[in-house]
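So, here's a batch of structures to check.
Note that subunit A is present in both complexes that follow, paired respectively with subunit B and with subunit C.
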Partner chain A sequence: MTLTPLDELLLFSGVTVLVAMLLGRRLPAGWMVTILYGIQLLALMKMAPLGYGGEAISSALTFKVMGQTLSWRFDALSWYFALITLGSALLSSWYACGEWEQRFRQSGGNLWLFHFAMTLNVFSMLILLASGDLLSLFIGWELVSWAGFLLMAMAGGVATKAAMRYITYAMAGAMAIFGGIALVYVSAGSLQYEAILTAASQMSTAHLWMLVILFGAGFGIKMGLMPFHLWQAPAYAETPGPGSAFLGAISSRMGLFAILLVLVKLFGIVNIDSLKIPFTLIDARDLLAWIAVFTIIFPTFTAMKQNDARQLLAWHGIGQGGYMLLGLVVADAMGAAGGLLHVFNHATYQAALFMAVTAVIHRTGTADLNKLGGLVVRMPLTFMVLLVGIIGLAGLPPMNGFVSKWLVYRSLLNEGMPLLFVAAVIGTLGTILSVYKLIHNIFLGQLRVEHDKVKEAPWSMMIPMLILAAIIFITGLLPGIPLAWVASVQQAVGLPVPDYTLGGVESASGSLDMIWVIGVLFAGFGIGALIFYFAGGRSKRVHQLDNYAGGHFLTADVRYQYSDNFYAGLMHLIGGWYRGSFLWLEQSVKSLVEFLSLGMQGLYRRANAEFYLLSTALFVIAWVVI
Partner chain B sequence: MSSIKQIPVITERKGNPLARVFDEFVRFCRSRSLFILHYCTGCGAIELPPAMTSRFDMERLGIQPMVSPRQADILLITGYVSIKTLKRVILTYEQMGSPKYVIGICSCTVNGGMYWQSYATAKKLDEYMPVDLYIAGCMPRPEAVLAGLQKLMDRIHSGEANSWEDYFRNYDYYLGNQQKLFGENWQTPTDIITEAKHYDLIGEGTLGKHTQLLEQHQKPLEALDMRLGHDLKEPTE
Partner chain C sequence: MMAPMELIIELILMPLVAFVVGMMMVLMMRRIAAKLQRRIGPPFFQPLYDIVKLHSKQTQISHGLIHDIGIVMAMGGYIAAETLLPVPGMTGIAEKGGIITLLYLMMIPSLGLALGVGQCANPNGSIGIARALTAMLAYDIPLVIVIFGVAYAAGTTNLVDIIAVQQAGGFETWGAVQMPVLAIAGLIAMHASLGKQPFEIYIAPAEIATGPMVEMSGKYLGGLFVMQCFQLYTTSVLYVSLFLGGGTTWFDFLLKSFLVLAIPVSIAYLFPRYRTEDLLRLMWKWPVMLGLIGVAFVL
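Coming up: the complex of A and B.
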């Protein structure tokens, strides 16, 4: 048996878990783990041809369980997601080494558990991404769920509560997936992808509906699709800093990976398109698209109301997942490329944003948006990273988020879906408003007296952030680099592929060349700068208390930063729409379950052995007779 | 200095013959794009909404309201100026970037008007800051306001409206009047003397005994420097 590159990758990943587990209590564990992530990334690079349309690589390891062959393989889809996973793991782990680590240990955090949980997450994600049939997919899925739970719950307190909520959702999702797998097995007789592909085209409508609902709900829970989105934001926000950067970057994209694999690749988007909902004009695909759009809008506008920077970002993580699904559901060349590209772009800027916010927490001790302000003069580099990140998140040029969102919008217009387009734009509006709140309340405005001696984040944290910021800009300038990987993913799952160039896409209905866009943008800045400097370039810095407040004389003890009840005017208009309906829904389901369990409890507490015996016997007789 | 006419105006410029054309062009542009900060101290403010809105529409003259002094060109003071308000007016005036113009609307800014006998009202605005234009009346109608604004535009175009230079050239006089009213500890965040040096407008009247008094107790507000923090030195107390 010879080791394939995939085996090497999984082996290195397993070794990393072992190292973190056995040597995690030693001092340079963080650096060791980071280097091992780097080695994993190198092993992944050995499979780089996959990202450019290479042949799928199988693992040498296969075995049979109850007549089912379990196998692991990497194709372009797995490679693309693995690249993002390992990249974000490497940078978050690098970020955690050094000063953050020391502070974390001093404040009573369990560093060993942190590294162990991170490595376990990466390992289980790679296993999931490498799954070669539905059974190994399910195994990987469960591993990812529990590894995620470990990372989310480790902070204790509120985090444990959030993680418990997550695991409840995740288990419900796993049950749905398991039910779906059982249904597939019944109809296809096998769990191999090839067998399912042939069986999918002959499935009855009712059968396909069941599968779409079961798999959609199961994978959708991980993605935080409406109405299963409530668990995600608190769970990610309460994870220790670099952990939330990693989770926010990639963790919930595992749901998207599975949706791509099962709903798009195996069942085929055309089959799903044929599922009509009776008495309405929409089909299952429209339903998915609208779920995606509501997943964009509601969490984004919830993010706008958050007063904790990490919560705000975590809510955006849910909302941006909607864009990815929306692009994939449109499923034309541009839309699918946009959705897939957004996975990469989102990972880069979300990690950068979480890291920047963690750096602020590291220096000031709080992420409360009402207790910060004016930090741009004390943490200018962190400010730059956050600025680059929010431009990406809001989908504005010259950062990479613009490209993927442009592709999704373009495809919605091309395919004649104006209502979805308008809804997606409303989501973007909410994004822009809330990221402005984020940067304003942390970095702009009045510097507080207690933050006067705050320093810039240490270099061990700064360098990964700067690397991410550079990636965000470079892939915004040259989106052709990730688009090449995306194109081979599209080929691998059977979606149409757009004509991509180094600077964007070519299309008869409208091309995008980011090199031109950014060139024109910077030329505009350049002309402005020329005029300014030729006219003398005179500027004057003034003290922050030399400010206009209706003519009042400002003093340091008076707060004039407008941060609480941000967007009061907008809230006056839309405030009534925040009703917590989904919380209410969750509560009512919880109450129902509690009520039922109380009833059951009452039943077995009676301890009437004869009654149980009698009822069991009756059930058995009834079952046999029927 | 009680008359604006006494301010020496440099009319001849040597060197580049295009400079005069350029100056003319700059003055033309300046007079056609004016942002006003209306510091509405009294009843005269009620005449501004009709002047701004569709009936009289001062935007057709290129004049628009502005919310902050840093971007504003005209400071419009509409009514009586109590001593307490005057402090704010001066703070706001000093925060404005040059060139800046002051218009006093209503009789109260000219001579105290019906508040002549009040102990708490500053009678003449131009004792505390140079005023380009008064629009008298109690209150002046929007037509009068617009006529006044047009007059100011003409003066900006012809280069006569440069009373803002007077504030730098004769700072000592204005500061003295301010100190007389507010006490010796009076100071604003803006450092006028440094700014006068910046504009090269240090005159004979810039420094004097009042500015000496100011320098004795002035606590300068230094701008926050942007710093990376790694070379942060502990401040020496």
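Coming up: the complex of A and C.
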């Protein structure tokens, strides 16, 4: 048996888990794990032709279980997601090494568990991405769910509660997926992708509907699609800093990967398009698109109301998932490219944002947006990283988030979908409001007295953040680099490919060239700076308390900062629309289950033999008669 | 393909023209206000005097580096945006970005201003920015509906093509004639985007001491003045390009731009100020409704 490059990658990943497990208690464990992630990334680079339309690579390892062949292989789709996974794992782990690690250990955190959970997450994700049939997909899916649980639950307290909620949702999703797989097996007679591909075109409408619902719900739970989104924000926010950067960057995208693989590649978006909802004008694809759009809007506006920086970011993570699904569901060349590109872009800025916020927590001890302010003068580099990150998140030029959102907008415009287009823009506008609140309440405004001696984040944390900021900018300037990978993914799953260039996209109905746009933007800034610095008089720097206060004098004990209920005027109008309907729904499902279990408990606690006998007899009679 | 030298000249000329025309628009705005208030109004060169005066003031208060950078971004963002806005005889890089990119580039100055004001550590300024962003959420929704309608009708996001489609058949093919409902919705949204009364919720001198401008002195205020020139120009020229067929000659181009701008400006000085939530309610009701009806006609 010869090892293929895929085997090498999985082997290295397994070794990383072992190293973390056996040597994780020693102090340099963090560095060792980080280096091992780097080696995994190199092993992935050996498969780089996959990202440029190369042939799929299979693993030498196959199993036969109950007549089913279990196999693993990597194609462009797996490679693209694996690249993001390993990249974010490498940088998050690097970020954790050094000062963060020491502080975490001093404050009673279990460093061994952290490294072990991280490596296990990466390993299980790679297994999932490499799955070569539905059975191995399911195994990978379960591994990812439980590994994620380990990382989310490790902080204890609130985190464990959030993780329990997550695993409840995940198990429900797994049931749905399992049901779907069983259904596929019944109709196709096999769990191999090729067999399903041929069977999908002959499936009845009812059958396909069932499968779309089961798989859509099962995978959608991982992505945090409405109405299954409630678990995600608390679970990600309470994970230890670098862990939440990693989870926020890639974890829920595994759901998108599975949707791409099963719904788009195997069932085919055209087949899904033919599923009409009776008595309405919409079909299953429209339904998915609207779910995506609601997933954009509601979590984004929930994020705006958060007072904890990590919660705010985690809620945005859910919302951005909506853009990815929206682009994929539109499924023309530009939309699909936008959705896929957004996976990469989102991973970069979300990781950077979580890291920046964690750096602030590291220095000040809080992420409460009402207890910070003015830190830009003490932590300018962290400010810069956060700024780059929020511009990416809000999808404004010159950062990479703009390109992917532009592609999604363009596809909605081309296809003539005004309501979806407007809804997507509402999401972006809400994001702008929300991220300004984030940067304002942490870094702008008045510096608090207790933060006067705060220092910049340590270099061990700074370097990974700066690398991410650089990636965010460079892939915004030259979106052609990731678009090449995206194009081969689109080929692999059978979607049309846009006509991309290094600087953007060429199209007869309006192109985009980021090199020019950004070049002109920076030239504009340059001229602005010339006017400002050379055409004007010399400015004098004053203390922050030297400020207009309506005739009063400001002293150091006066809190002169606007942070709470930041969008008061907006909330006057829309504040009443936050009804917590989904929380109510979740609660009612929970109450229903509790009620039923109470009833069941009453039944068997009684141990009333006559009653059991009677009810069984009645049941049997009823069955025989009917 | 354009000769590179020609392109560079265009890229320099377009913002310069925008600045000069923008100053004249500020002058027009002040003259209209004066007429309505039975004053004489300022002399022709007053906007230029103001900019020079503000930049050469002796007292220039800085609240830190981000305060400075905010002003630079506010000016620079618009300077860049002008190169994406075609004018008669010059297209700059309009074909490399398109209308969506232009719309997003126009948010960069606001973002810069928001950052700069934030560093001033004055709650009046921060409230002003919070209100300004809320106003943006209010008027951008009808605005993107309008832009969707126009771009879909023209079948392109390329502004040069959108203008060419309108000029193809003379007056009958103008956007405003083809899509009158959208044109009205666009005008309302444009008025709100200028931040003039009754939509000047984020300046509100009596409530929040001029909001974003509260800590701006000297060249900082001068920078904002320059930004306003660009803003007036960009908004009205964008409207002319979307609905009034752009310009074939400089004369009709400028005539249309000034006339379009005169409408909201004349209305502005007759009204007091809305509350924030009323602005939202108004924007999300009427122009959105009109915009959606307009889009329904286009589809």
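Note that the second predicted complex is superposed on the first by the 605 of 626 C-alpha atoms of A that agree within 3 Å, B and C clash if a C-alpha of one lies under 4 Å from a C-alpha of the other, contacts with A are read in each partner's own complex, and residues count from 1 in each chain.
The rule is simple: contacts are C-beta pairs under 8 Å (C-beta built on N, C-alpha and C of every residue); 3 or more make two chains touch, one makes a residue touch a chain.
The structure displayed is predicted, hence computed values, not measured ones.
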item	value
Which of subunit B and subunit C A:G602 touches, first, second, both or neither	neither
Partner chain(s) touched by A:L444 [first = subunit B, second = subunit C, both, neither]	second
Touching partner for A:G108 - first (subunit B), second (subunit C), both, neither	neither
Which superposed partner A:V376 touches (first subunit B, second subunit C, both, neither)	both
Partner chain(s) touched by A:G67 [first = subunit B, second = subunit C, both, neither]	neither
Comparison of subunit B and subunit C by subunit A residues contacted	C
First, second, both or neither for A:V542, with subunit B first and subunit C second	both
Touched partner set for A:G576, first subunit B, second subunit C, both or neither	neither
Residues on subunit A lying within both footprints (that of subunit B and that of subunit C)	374, 376-377, 380, 447, 538, 540-542, 544, 546, 548, 550
Subunit A residues within the subunit C interface of the complex	374, 376-377, 380, 383, 387, 391, 395-397, 402, 406, 409-410, 413, 416, 418, 421-422, 425-426, 429-430, 432-433, 436-437, 439-440, 443-447, 508-513, 516-517, 520-521, 523-529, 531-533, 535-542, 544, 546-548, 550, 560-562, 566-570, 572-574
Partner subunit A, residues of subunit C touching it in the complex	11, 15, 55-66, 68, 71-81, 83-84, 93, 95-101, 104-105, 107-108, 111, 114-115, 118-124, 126-127, 129-131, 133-134, 136-137, 140-141, 144-145, 148-149, 151-152, 155-158, 161, 201, 209, 214-215, 218-220, 222-223, 226, 275-277, 280-281, 292, 295, 299
In the complex, subunit A residues that touch subunit B	374, 376-381, 447, 453-456, 538, 540-546, 548, 550-553
Interface residues, subunit B side, partner subunit A - complex	39, 68-70, 85, 87-89, 91-92, 95, 188-190, 198, 221-230, 232
